[in-house]
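Before any comments, here is the structure.
Chain lettering (A, B and C) follows the sequence in which the chains are written, and residue indices restart at 1 in each chain.
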Amino acid sequence: MVGSRPTQPTRQLADELYEQLDAYIETLQIDPDDPYRRETLIRSLHRAQEIFGYLPAEVQRHVAGRYAISHAEVSGVISFYNYFTTTPKGKVQIDVCLGTACYVNGADKVLQEFERILNIKSGEVTPDGQFSIESLRCVGACSLAPVVTVNGKVYGRVQPEKVQEILEHYLVEIDREEEPIHVKN
Amino acid sequence: MVNLIIDNQPVSVPEGTTILEAARQVYIHIPTLCYLNLDAMKLHNQTASCRICVVEVEGRCNLAPSCATPVAEGMKVTTNSRRVLSARRTLLQLILSNHPTDCLICAKSTDCELQNLAWEFGINAQAYQHGEQSSFSIDKSSGALKRDPDKCIMCRRCETMCNEVQTVGALTAFGRGFNVTVGPAEMQPLVNSNCVYCGQCVSVCPTAALTGVGYIDETWAALFDPSKKVVVQVAPAVRVAIGEEFGFPMGQPVTGKLVAGLRRMGFNAVFDTTFGADLTVVEEAHEIIERVTQNERLPVLTSCCPGWINFLRYHFPNLSYMPSSCKSPQQMVGAVSKSYYAEQMGIDPKDLVMISVMPCIAKKYEAAMPEHSRDGLPDVDYVITTRELAKMFKESGIDLRYMPDESFDHPLGESTGAGVIFGATGGVLEAALRTIYEEVTGHDLEDVNFTAVRGIAGVKEATIDLGERTVCVAATSGLGNARKLLENIEKGISKYDVIEIMACPGGCVNGGGQPYSQDRAEVIEQRIKGLYMIDGWQSHRKSHQNPSIQHLYQEFLGEPGSDKAHELLHVTYYEDVPAVHSK
Amino acid sequence: MSKIKSYQHLLDTYQQHRPLLNLRLNGAGAEISERVILVCGGTGCFAGESRQVLDRFQELIAGNELGSTVQALVTGCFGLCQEGPIVKIYPDDVFYIRVTPAEADAIFEQHILGNQIVERLLVEDPEQGKKVRTQQDIPFYKGQQRIALRHCGLINPEDIREYIAVEGYQALGKALAEMSPEAVIDTVKSSGLRGRGGAGFPTGLKWEFARGYSGDRKYVICNADEGDPGAFMDASIMEGDAHSVIEGMAIAGYAIGANQGYVYIRAEYPLAIQRLQVALEQAQGMGLIGKNIMGSGFDFDIDIRLGAGAFVCGEETALIHSLQGMRGEPRTKPPFPAQSGLWECPTVVNNVETLATVPVILSQGSDWYSAIGTEASKGTKSFSLAGQVCNVGLVEVPMGTTLREIVFDIGGGIRDGAEFKAVQTGGPSGGCIPRQFLDTPIDYESLRAVGSMMGSGGMIVLSEKTCMVNLARFYLEFTADESCGRCVPCRIGTKRLLEILTAITEGRGTEADLVELRRLSETIIDTSLCGLGQSAPNPVLSTMKYFWDEYEAHVKDHRCPAGVCEKLLHYQILAEYCRGCTACKRVCPVDAISGSAKQVHVIDQTRCIKCGSCMARCKFNAIINN
């Protein structure tokens, strides 16, 4: 019989980020004996995702510890909600609305165009970590269908032809951000 | 009482009863799949997810899940209309459309509730053939518990068992929609989770989505290897359960036939884990007496159940100084076989293979722990469950019904009644008390029956007067009960000196490796009865009176608690456990 | 701001703040130099840069030192989102559309400073062909009656004084000071108000149940999850008038005996969340929410909880699980939340629009409310009108208004001159209503009778350009994706429905599939655990019922009549029209088109990926796809 030992990955994300999260969780005053303490779990996960950008296992275990609940429970909750992600997103996060209003106005074609140009599928990140595409269902701006949000900014009446234009705007922005690095080399 | 009509039959049941339960009272069979109600262990699976039990209720627009719908006054229920039957059939077809048709090569075949249902419904073709099927990978990382998520039907019984009854919290539903499945956090390999391998989820899983990792092949290979001496040990709880696989009544002891069967299968020696239990009692009694008299690190927690020990290590690491350092009986028999017995027989321990037959999944994990190897040789090589042994018997044409009664081999086959009752909750404690009393007081114990610590209910307590000191003891089974007890210890509320804890509700008789049963409460009770019956038959009922044990100390170990004893029979575990502090 | 200590104190405060709205409510007689510029701050207009428009107005006011006479304020959605950003100027009552930041300058110059209306920014009445100045003259608003949306486009949602100035919190004040909880429940019951979240359960009755069950604690939950994709009524109410919802919740709390409320709002609505937060803090600051409200001894507090992207969490039991920090899986009912809800305590779950309507019912009386609407469906209902209709936006009409009136009179008909095909109501749970039922009056029962449902108010107008099979597939993709996965019929059944529909849209469908679709749909409806599964097949059944010919065309002729299903399309160049301009060749991503300049071009069918680019590009209509 082979005996394998559990492997527990060590914490890799920055301590400052954990401190930020803890500072928030402190304010919730969680009592491990309180059966209602889970009530704030989803809030804390929202906060954690804001801080870390995503919710990898190490963050999950930390949150589980703070709530005195099992890692499995936290993981099950995270996996249920579309909003939570366990892998990092791109610097530029593109969300294409596939709500009904947008869909009947051709949002699927818009999504395909993003996928084609960036050469990734919805739900993926470009290999350089710059762009990621997701689809979502209605941001409440249906009057502008089809709608795309890029890092939260809403673009309305997006037709496939406009996709390149939108992307170029962000390509320029990223280039500018990275210029100092080039100068250093 | 609420009056209703089911299939034209009037029924009267208390308020709060479900339609399903009401129907059962008038012998109307409604098929179920996800439903499971084990009052005895407070398991109420209320997912109502399979919908197989739907019935028609007059005035309701859709069908009602009978397992989750309470009766109402004047309700009119039809359980077998065309609408109901065709809905159930479609539901079953849907389940099967996302299920491998592997029955022929499936560990659960003939014990599978899904297979049985497909058979009852006379399903003879798979529908939605071109539909997607889930394709998760099989997880055998723990070496103990096998997960095959493709066979999971999302009944969630395992989750209820693990999280609510056992309060381990190792399992969760993961993802959603068609891609949902049940498993450990992040669908990591189970070995990285806080699963304690109690195997209770295996006992309730209706399919083969959760089973034990099997070692039948390895066992056959050892048996057929001419260069090996293969010895086997059998745990107490096996002898009152394996008969069920051969048509014996529930709980009937078949010890002698079991031994005969094992011998015919070709084992070179057939030992009894009960011997190890007696040895445990002697070692543990020594430790208990020492710690109680010195008031040191109390209470002493028993350590013979690896499921429970894992639980303690993972969930209450700050109490991990409390359990007795004694190894479990299985490991003691393993260690003694590969030292004392091998020496006596002049066998190189490398050529000795120790197989143990256990009612348990956790023992598979335990046997593989590095702490239980010496010089790279594990004390126990392979652990097979009661169910696996029954299969091996069947494969080699051994029908226990026709076996003669034979006795275990010496020296590791002699045992007392005290050792046998290890298989039932409270038994370890009772066995220890029998020895402790005599050791401390020097008097003969007249009535060896400590009935106060028996039975499967919550926490059982007793006090025993040892002259100078009264010792308070408690026993409990099921990890949910254990958690409460440990929390009280942490808070300083509980004042016990010795506590016995068994991970499985009812103890090893209800272990995760025992034959499956549709009637859990009854089968536990009968198997426990069986064990006490054997206890009653024994000439020796106190572990320290076991002549072979006395011999072992004289010839090999010296005193209980000696250095040699410590080297072979005690253990301290590494601290590399998953950090979990869940409640 | 000081705490309101009693009902009388509230009435005094009302008198004090009333003048804030003078220009808006009774503008006549005001100094013509005094003006209020209302800029729409709904999500739609915000996306069209209305924030910048507002900023620009404020800069201009400050720059011209007109701060004492001219105000620029943000307000909630006007409804005509299609033409946003909307700006409305009081007291002149002028309604401007498509106002960009640059146009703000024009309006300021011409209108504010010069008293000249900027004609080009007015709505044009397509029938009369002339510009319309005031809101009530715009065809879009004729036939509408705004009750739930009464304050959207009127008050500044971020200023509680304005809400008080429209008699806000007086219904609560009156209930606490003058009415017993039973009387409140009776009023709501006799108003005939039914839940606007979808199922249409009588609100008063729900409250009565919750009041009747005992529990140490009780809760009121406002369901602001608004999962129906393509619906934004609740978002607009939250953005434009969160105080009404807060007031409605407190009234519900008083009625059932709850002291705690939660708003469960989807995280995809940042603006609504922010407005709600602001409103809640202001209400708490004034003691209108919290301990001992208006000196009545009644405590009621509200917390905001964010969803995290799961449609099923709109279902009340799932929502409750989510609030408890769990996976948002529904559970079997009974018991209903009114008996055993949050933490197993009696709980009322009500929709945003339902709650926002409650205060008016209390202040205007149940008779007033029940006089509006039809026999069984009282009052008004708001809809988000979207899809291929001219006037996309938020509408609110009395129950009993017909679909035709909404689509053609209010909505202005189909965009781009296309033919009307169907209206989809009820979102993923609803159905498609074809042309022959356009005169169906909108009420819970009539919509159900034609195979759809009211739902929460999503109304998607579909033109001939929509393939109904593909639409059904779209909805199934949504429900299969959003199924929580708990129960078999929904988890596996919707997946199988989706697979069959996908096969049909890809030309792999058979006639037997159509039979199976119907049979499986029926089982899913009959056996699913929650409303999601119970209604998921509705889009399939209703499209099969009314657009059978389209299904047949797909399975028998492998043809998509609407020209939507890609795999069934064949792009072809008509030689007689092709001028050899090479435009198509250059745009084809897979080089499937060959031909040299001035020669007829040809598409290589084996390479074509049916992207449609060439057809869109050809100026000579030489490319067809069917």
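We take it that a contact is a pair of C-beta atoms (placed from the backbone, for glycine too) under 8 Å apart; a residue touches a chain by one contact, two chains touch by 3 or more.
The model shown is predicted, which means the values in this text are computed figures rather than measured ones.
Chains A-C form the pair with the most C-beta pairs in contact.
Chain centres defined as mean CA positions place A nearest to the mean of all protein CA atoms.
Chain C has its Cα centroid 26 Å from the Cα centroid of chain A. The centroid of the Cα atoms in chain B and the matching centroid in chain C are 55 Å apart.
Chain geometry summary: the mean Cα position of chain A and that of chain B are 42 Å apart. Residues of chain B in contact with at least two other chains: 173, 175-176. Residue positions of chain C touching 2 or more other chains: 310, 327, 329, 484. Residue positions 76, 80 of chain A are each in touch with at least two other chains.
Those residues of chain C that touch chain B in the shared complex are 310, 327, 329, 331-332, 334, 480-489, 491-493, 495-496, 499, 503, 519-520, 523, 525-529, 534. Across the complex, chain C is touched by residues 36, 38-43, 45-46, 76-77, 80-84, 97-105, 109, 112, 116, 136-145, 147, 152, 154-156 of chain A.
On chain C, the positions that touch chain A within their shared complex are 43-44, 46-48, 81-82, 84, 226-232, 235-236, 267-270, 272, 305-311, 322-329, 343, 384, 386-388, 392-393, 424, 427, 458, 460, 462, 466, 471, 474-475, 478, 484, 589, 611-612. By the touch rule above, chain B contacts chain C in their complex via residues 46-52, 54, 62-63, 65, 68-70, 83, 86-87, 90-91, 94-95, 97-98, 128, 130-132, 153-154, 173, 175-180.
Within the complex formed with chain B, the residues of chain A that make contact are 1-8, 32-33, 57, 60-61, 64-65, 68-76, 79-80, 86.
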